[in-house]
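Across the two complexes that follow, chain A remains constant while its partner is chain B and subsequently chain C.
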Partner chain A sequence: MKLKEGYMLTGFADKYIALATDDNADNAKAIVTLNRTGAFAWKLLETEITYEEAIGRLTEKYDAPEEALRADFNEFLETLRQHGLLDE
Partner chain B sequence: MPNYKIADIRFSYSFGSQELAERLLPYQCADSFAGIDLTLNESDTLDQRNYLTSGVLCEGVALCRKFSDRLTERFGGVLFHSAAVCVGRRAFLFAAPSGVGKTTHLRLLRARYGDRVRVINGDKPILRAVDDRMMVYGSPWQGKENDGENISALLAAVFILCRAQENDCRRISCYEALPFLVRQAAMPDSRNGKRGAMEFLDKMAAAADFFLLGAI
Partner chain C sequence: MPAGRQLCTIIGAALSGTKTDVPDSFDLKGAMEMARYHRILPIAYDALTKAGFTGELMEQAEKMSGHQVFQQTKQNIMESRISAALSEIGIPHYILKGTTLQRYYPEGMIRLSTDSDFYVDEPYMDVVTAVMHHAGFENISYSSEKKTAVFQKRPWYNIEVHFALEDTQYPDEIGFLHTLLENPVPEQDCRLRLNDENLYLHTFFHLYKHYVYANAGVRMFLDIFVLNRSLRPDMERINRRLAAVRLDEFHRVVLRVCDVLFAGAPLDDNTALITDRILMGGTFGNAGQLIYRQQITGNEPAGRVKRNIVRKIFGTSRENLYRKYPILHKAPWLLPLCHIYRAVSGLVRKPWIARLCFRSLRSVSDEQINANKELLTISGLYEGDDSDQ
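Moving on, here comes the complex of A and B:
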């Protein structure tokens, strides 16, 4: 899976936001607000990666139970799907 | 070629339209330093011709777009669709899509505060971060009312106008304001330009207070 092309991640106040860089993108008006962990997951998905590879990278990075990371990552992926930002 | 200075950015430009030249007259400067060259070429005006028939409008819109792109890409600023007023040294922006009530609010502010309030620009003021200060400048693109003057002030607050069941004003977070800020800021087409605009909005979030102003 991979994020759709034409979006960028940028810092805004204490968070990160992702928004379209192409006015003709499928969901050009979508603005996704992310925390630091969300921004890390976003960067993982900027290049093609499998679900299990992404979970592996997250468990390397964060000192948290794998089940909790899986639940959070699943929720993050669902948000991306709702905004039409994910190619699977 | 005459030289101009808008938001402390110098540029040289030779007009095709006399009407546009007169509109830029308050921004003409005597400096010999030419600054950036904003001479329009075919590709700058081509897009505008698709939906505008007036040559004056076409040139004005194309010049506005070119200046706005350079402003964001090179000078740490954005052209922000709003009505900008100042009271003393502090500037206040009233942001809304066309037709929601910017002009009406300017009229009400003048009626309430008289000469204490000055209109910096009624449609497209320029915002720039200068020495860690968020400044609001006048521009020649003053909307259909042609309301504004060549002055500047320090940004204090942004009021986002909306239609509401009753008159109301509440403070909102920069995150709540963000979709409106993105919509009102002139975004360059280039990816680097968009990144520059977002970096600017990040500075704006730190410098200003944001309010949602609902009016019947």
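Moving on, here comes the complex of A and C:
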């Protein structure tokens, strides 16, 4: 799975915003606001990666129980699906 | 005012990675309003987050900052597209001012820009205009004195294309400004940028123009502070070059003001007066400051300044009307109707501008003029005239 083309992440302070790079007026709003963990997960999906590989990378990065990381990552993937950002 | 000064101190601490003591009496709401007024909300939000502030006001600031950063990012993407289009047809160009300064700010501190500024040599004017039109932009104004064209595209993209750095109303500055384009740094394809010293000088000169015209807000002083820290320019050389246009004294004042605002330097009477005016005036100043400053600097006699303010309320110049309504070339007798239409639609769309202007016109006084003379004198920009004798 991978993020669809045409979207990017930008940030301010400790927050991140995903947005479409197209200048179509219909895309004239931010898609989703992410925290630092979400931004890391986003960056993982910028290149093709399997679900288990992503979980492995998250586990290495964050000192949290794997179950909690899986739950958070699943929620994140669902957000991306709702906005049509995920290529699976 | 204390909230504004305290916020600047907090921003300065965030820039240097240090902690600062924030008094219990700190007015967070006032600080946020000041940050919005000076268009530095994302920077303020970052600094306040690092200082440990949380709560409802911070959540509101996060939402507003997010929206502003989103718009800024879209503007940056559009700017890159225009730059790529110019490079594709081999037109050398610079990107100037606000958007070029972001790289000197720490990660996470987003410096907002009102628009994107390009510089292109004048012979390319027609080709550049065609490129902008092809990209969906409309040319909404052109100044033959400043040789600047303003382009807009919905929903919020603004690009100014400068075909000269100087304003023909100020011939003394032309030689100095020409030197700022020398020895550029190639960036990508046909895109150039000013070298470090010229970037510093151009940023300072831009601050000076706004300061004299009406006001230079906190954001411009913050730019100088950040560039000073990042570039560490040769100050002797900088002051020598500025002495040629008699701005070396003002430069020293600006550096002192930056230290007071962002580095905790002690406040004295003069810097208190200057920083009060900076904080009160907003990003680019208000109509009242415009009248007073212009009267004092002698660039515009009072009568002409008032005429300009009236024009601000009631319409634009003849040149811009012809640009906006090409039918005027065939039917010039429609010009008065176009003026009336612009006046009425302007008053309907932005009634607060008319209110501000009328209030300013009514309140011009000797006291205000003398106060502004004092400000410009202590800033090293005014040496008096016959009326002071």
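Here is the rule we use: the second predicted complex is superposed on the first by the 78 of 88 C-alpha atoms of A that agree within 3 Å, B and C clash if a C-alpha of one lies under 4 Å from a C-alpha of the other, contacts with A are read in each partner's own complex, and residues count from 1 in each chain.
Definition applied: a residue touches a chain if its C-beta (ideal position, glycine included) is under 8 Å from a C-beta of that chain, and two chains touch if they have at least 3 such contacts.
Because the structure is a prediction, the values reported are computed rather than measured.
Visitor: Go through the superposed model and pick first if A:I17 touches only chain B, second if only chain C, both, or neither.
Guide: both
Visitor: Once the two complexes are aligned on chain A, which partner has more residues of chain A within touching range, chain B or chain C?
Guide: Chain A has more residues touched by C than by the other partner.
Visitor: Using the superposition on chain A described above, determine whether A:T33 touches chain B (first), chain C (second), both, or neither.
Guide: A:T33 contacts both chain B and chain C.
Visitor: Under the stated touch criterion, which partner chain does A:Q82 make contact with: chain B (first), chain C (second), both, or neither?
Guide: Neither partner.
Visitor: Considering only the contact definition stated at the top, list the common interface residues of chain A for chain B and chain C.
Guide: The overlap between the chain B and chain C interfaces on chain A comprises residues 8, 10-13, 15, 17, 19, 21, 23, 33.
Visitor: Enumerate the contact residues on chain A facing chain B in the complex.
Guide: For chain A paired with chain B, touching residues are 8, 10-13, 15, 17, 19, 21, 23, 31, 33.
Visitor: Sort out for me which residues of chain A touch chain C in the complex.
Guide: Residues in contact with chain C: 8, 10-15, 17, 19, 21, 23, 25, 28-30, 33.
Visitor: Could you list, by residue number, the parts of chain B that touch chain A in their complex?
Guide: On the chain B side, the touching residues are 174-175, 178-179, 182, 189, 191, 194-195, 198-199, 201-202, 205-206.
Visitor: Within their complex, state which residues of chain C touch chain A.
Guide: 42, 45-46, 49, 62, 65-67, 69-70, 73-74, 77-78, 81, 107-110, 136, 153-157
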